[in-house]
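Look for chain A in each of the two complexes below; its partner is chain B in the first and chain C in the second.
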Partner chain A sequence: MSGAPKPLLAVRGLKKHFPVRGGLLKKVVGWVYAVDGVSFTLEEGDTLGLVGESGCGKSTLGRTLMRLYEPTEGAIEFQGRDIARASAAELMPARREMAMIFQDPYASLNPRMTVSDIVTAPMSAHGVGTPAERREKASEILQVVGLRAQAASRYPHEFSGGQRQRIGIARALILNPKLVIADEPVSALDVSIRAQVVNLMMRLKERFKLTYVFIAHDLSIVEYISSHVAVMYLGRVMEKAAAKTLYASPKHPYTQALISANPVPDPARRAQKQVLKGEIPSPMHPPSGCVFHTRCPLAEERCRAEAPALRDVDKTGTDEHLVACHLVKD
Partner chain B sequence: MDGLSYDLHAGRTLAVVGESGSGKSVHALSLMRLLPVPPARVTAGEVLYRGRDLLTLPDPEMRRLRGDRLAMIFQEPMTSLNPVMRVGAQISESVVLHKGASAAAARARAVELLRKVGIPAPEKRVDDYPHQFSGGMRQRAMIAMALACDPDVLIADEPTTALDVTIQAQILELMKSLQREFKMALILITHNIGVVAEMADDVVVMYAGRAVEKAPVQDIFKSPKHPYTRALLGSVPSIYLRKDRLASIPGQPPDLAVPFKGCPFAPRCTEALERCRADDPPAFPLAGGRMSNCWLVDSPAAAPR
Partner chain C sequence: MNAHGESLFRKSLRKLRRDRFGMAGLAVVGFFGLVALGVKLGLFCTLAQATTPVGPQFVRPGAAYQRTLADGTKAAARSLFGTDIQGRDVAVKLVYSIKQAFAIGVIVAVLSVAVGVVLGCISGYFGGLVDDALLWLYTAINSVPFILWIVSISYAFGRGFTGVVVALAATFWVGVYFNVRAEVRRLKELEFVLASESYGASKWSIIFRDIVPNLSHLIFVFLSLDFIAAVKNEVILSFLGLGIAGEPSWGVMISNARLDLLAGKWWEVTGATILLFVLVMAFNMLTDALQDAFDPKKVG
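Entry: the complex of A and B
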């Protein structure tokens, strides 16, 4: 990819480990390896879907990218500058360009604030605009996300789940960010409402030239919205490729199992599933070698001993197809 | 269930689908209180289990059936299991209650059931408490509990909604194989269209507290008759059937606390007629044992497709 524009976001060797404290003196008795060496790049205008099961570290990764968690190790280059260790003051300009949408539209909106105060909170935090300008901006952005301007003076409890998620989206967009990290934004919504919100997010992406990191456990919705998809398991990226490639020819045994496990809404396609045995091991004690080897139907001796590196196996020369598996041929 | 009836036979699966507030869980609970087994039938306020109307059954007799012939599993395994009671004791409780098993026999039965639902080292895990189980294992324990007395009918209310997709696949496979083995009738309540497609023989679609369509599973997906069913299927993303834009249903389901006139779906329906806003459509029987509560299927001229 020579001559390509600089990526908007480049993550290198990112780790986030949480201490586990125990005993009388609350000493550190272990670590949760929530994100354990993740690297990827994201070009402006792309949407990276981050998928994996609960406990795979996808939400921790999203929050660490925003510096809501302090990274343990690694670099987060946003617009060419490493923000992984930036001070609070140095972080402010980058934070203006990044926004987050949360999963639970009930927990992520303060019930005692009016919708106007909620959506303009980022403006107040960054000292943007006068109160009158903020009010005006609030009614404008609410209409952009498909709510009425009158919604501004109401409180969150007066809205349904789908409408609340629109409020969360309005708050994320009010400072015209470049990067939006959406953590399971539609998982809590009903199917018909989910489609409304996903379609809205796609329209907004076009209109405001947004770049998304879209975190989800639902493979089908990720395929629908993403240009690229990264599959995570126990804090690591197992496979990353263009969405079309990943779904058409998944290489990693975990990706294959994940796709196969996804129920197909077509009774004519009822097929024997490739059902993975066992459960996700604890991220406090990740398995040796390849972290997936305990559930992998193909695991060999080597997989138990040696962690596979993420490497490019693309043959078409168009886009990267990264896989971390010893058994996938170059 | 408004104006809808169905038969459920041994070894068959009926899926009840709908979004939140569609009444599918209420339906489940009322079934559990009142209802069915293999040849069960709900017709105009009758719930026939093996020919006996459960609605008129005295309480003690109903209690004898519940947990024995009719069993239920719930969405949230953590809140449905008693946190201060050993898993094995919870599983075998119904065996003691309904079959008068001895303590030793009950324990042996609990171990056997845990093995059957795929819990490793069941002799040890039988003495665990629910918090020592993972989410998937808790759901397996709930299934073991429901199966303890070899029920004729199993009602599963969103049994996999709280689970990860690979664990969901495990649980669905388990339910299928147990159903084959025990010839149970299964009522599966879910909002997941993919799960419906994989599990069901027959489907009831619910909206705003009532059934709007009933049909064999292939027919629901191939030729949905009710506009709500069509819209619901159109809004589901699928890895295999790529769509450029998800069809979204405008608006929101009605607030059931506010009385409304006509068809409850009419305000969101793109095909609504004058009549739809005035009169509530009854269930129209269609060929192939299907039913649709929609005025469009009543007038052949207006009928879509």
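Entry: the complex of A and C
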């Protein structure tokens, strides 16, 4: 890795545990281990797809990266500076460089504000531009995301879900950020609209030289948009590799099961479908050893006792292929 | 059909205008309000007129009697709504009391909603120790029947207008507080508030731009509800002898006339009760319409 450019984002051992309070005095009676030791790096210009079943901690991870949640432990190095413990004031420069796109286009726009005020709110927060300049920038960015400039004077309730998501994207891009974290940006949209929004995001990535963290549970969309994919299960990364490698030769039993469960228009492949048994264990009481052992078809004694580390099993030497499984041979 | 660029607020107003019951309620409330304003400005039914005897006691409504005019001379007149035990004109007292009701209703509603919204926002948004302390205060006030608070606070302040207003506002804010707090807690988890946090908007900007404008439905409904509750509670306080002193009000009239009723002198109690009923009814209709029109789940 020497000589390689510094990654835009490097996450090391990131944990986010939520206290569970109970009783009259609201004592902490347990913890939800939503994100439990996640590490990865993201190079500028890449798109990291984060996939996993609902409840695996991928949205919590995204929100913790944005410091919407306080990390319990670990480091978030953004442009070489650790922002995991930065104060609100110290965070402000980073907040200009990273932006978030949210899942629910009906909840992510303030219904009482005009579209112009919504998309320029980041400018106001950072004291960028005069009111006239902001208005001008608003109509410009709205056209970039495929809306008409006149949309600026309207209110969110006058738009459809897909249009609202474009407004959310415009707001995320108005300060020209480097990193955009998209938290299931298309899963609340009609299937017919999804491709439009994903294509828009890919065009914007080229135009503004963006780096994406793309959180989703739809494997096909992640395969389409991502350069790298990380598979999460119970707050941990199970496997991370270049998207092509991961989809072509998944190593982890969980990834294999996920990919085989994804519908593919090929009757020949239907026969090989692996179906996972059981439910995701509660993140309040994660299993010992490998967290996946309760549902893994291959689990051995060692898996129950010892948590596997994430290690590189790539043989070609081109890119890393990280897997957290005892049973995958180097 | 819809104008482009119409805010939710305007949309709600448009919806309110189409609500017939609501508009009827608003018309009645508006009429009472104008009368109250006229009395306040001294245009008619002044305090002096409402407290000076104009003829013999207990003149029946509609009966002919010798009316004492302002210059002391007497003239034959027909009574509009009778006189009370001291010979004062009941109709004048009833109209004067509209001003009393509005003064108490408006002041109590504005005070209790202002205090409730400010504390509810602080409690709901910041959480932590402040929230614990305010919630404890809410529980403490709420665990004693309201009427006991109202009676003891107004007793402590002494009989009169100020005592009534302080007692009512000091107990009514808790209902506003608790509902606002719950709504703020819901709002602050919504993605548009997270979005504001994600680009580093200040806490005050989040409270004033994201949260307070989305509380308008609660604010309108509680202004209306607390107005009604204040007017009704003034009657109860005055009936118990803890309300307004030295001036007529519906509560004082009902309280004074409860013995008259046994003697068959029904008009003072009836007049006050009917006006109270009409005003409260109209306000209830308006409240329902406001609730329908401004509920964010029904507009959109």
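Rule of thumb we're sticking to: the second predicted complex is superposed on the first by the 323 of 330 C-alpha atoms of A that agree within 3 Å, B and C clash if a C-alpha of one lies under 4 Å from a C-alpha of the other, contacts with A are read in each partner's own complex, and residues count from 1 in each chain.
We adopt the following convention: a contact is a pair of C-beta atoms (placed from the backbone, for glycine too) under 8 Å apart; a residue touches a chain by one contact, two chains touch by 3 or more.
All figures in this text were calculated on a predicted structure; none of them were measured in a lab.
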item: Three-chain arrangement built on chain A, chain B and chain C clash or fit; value: fit
item: Contacts of A:His217 with chain B and chain C, given as first, second, both or neither; value: first
item: Contacts of A:Ser108 with chain B and chain C, given as first, second, both or neither; value: second
item: Partner chain in contact with A:Asn176 - chain B first, chain C second, else both or neither; value: neither
item: Touched partner set for A:Ile259, first chain B, second chain C, both or neither; value: first
item: C-alpha centroid angle, chain C to chain B via chain A, nearest 10°; value: 80
item: First (chain B), second (chain C), both or neither touched by A:Gln143; value: neither
item: Contacts of A:Leu276 with chain B and chain C, given as first, second, both or neither; value: first
item: Gap in Å between nearest CA atoms once chain C and chain B share a frame through chain A; value: 12
item: Residues of chain C that touch chain A when the two form their complex; value: 2, 4-9, 11, 190-192, 194-202, 205, 209-210, 213-214, 296, 299-300
item: Chain A residues touching chain B - in the complex, by the definition given at the top; value: 53-54, 160, 162, 190-196, 198-199, 202, 217-221, 223-224, 247, 257-270, 273, 275-277, 279-280
item: Touching residues on chain B, where the partner in the complex is chain A; value: 19-20, 134, 136-137, 164-170, 172-173, 191-198, 200, 217-218, 221, 231-233, 235-243, 245-250, 252
item: Residues on chain A engaged by chain C in the complex (per definition of touch); value: 63, 66, 68, 88, 91-92, 95-96, 99-100, 102-104, 107-114, 121-122, 124-126, 150, 153-155, 157-158, 168, 171, 175
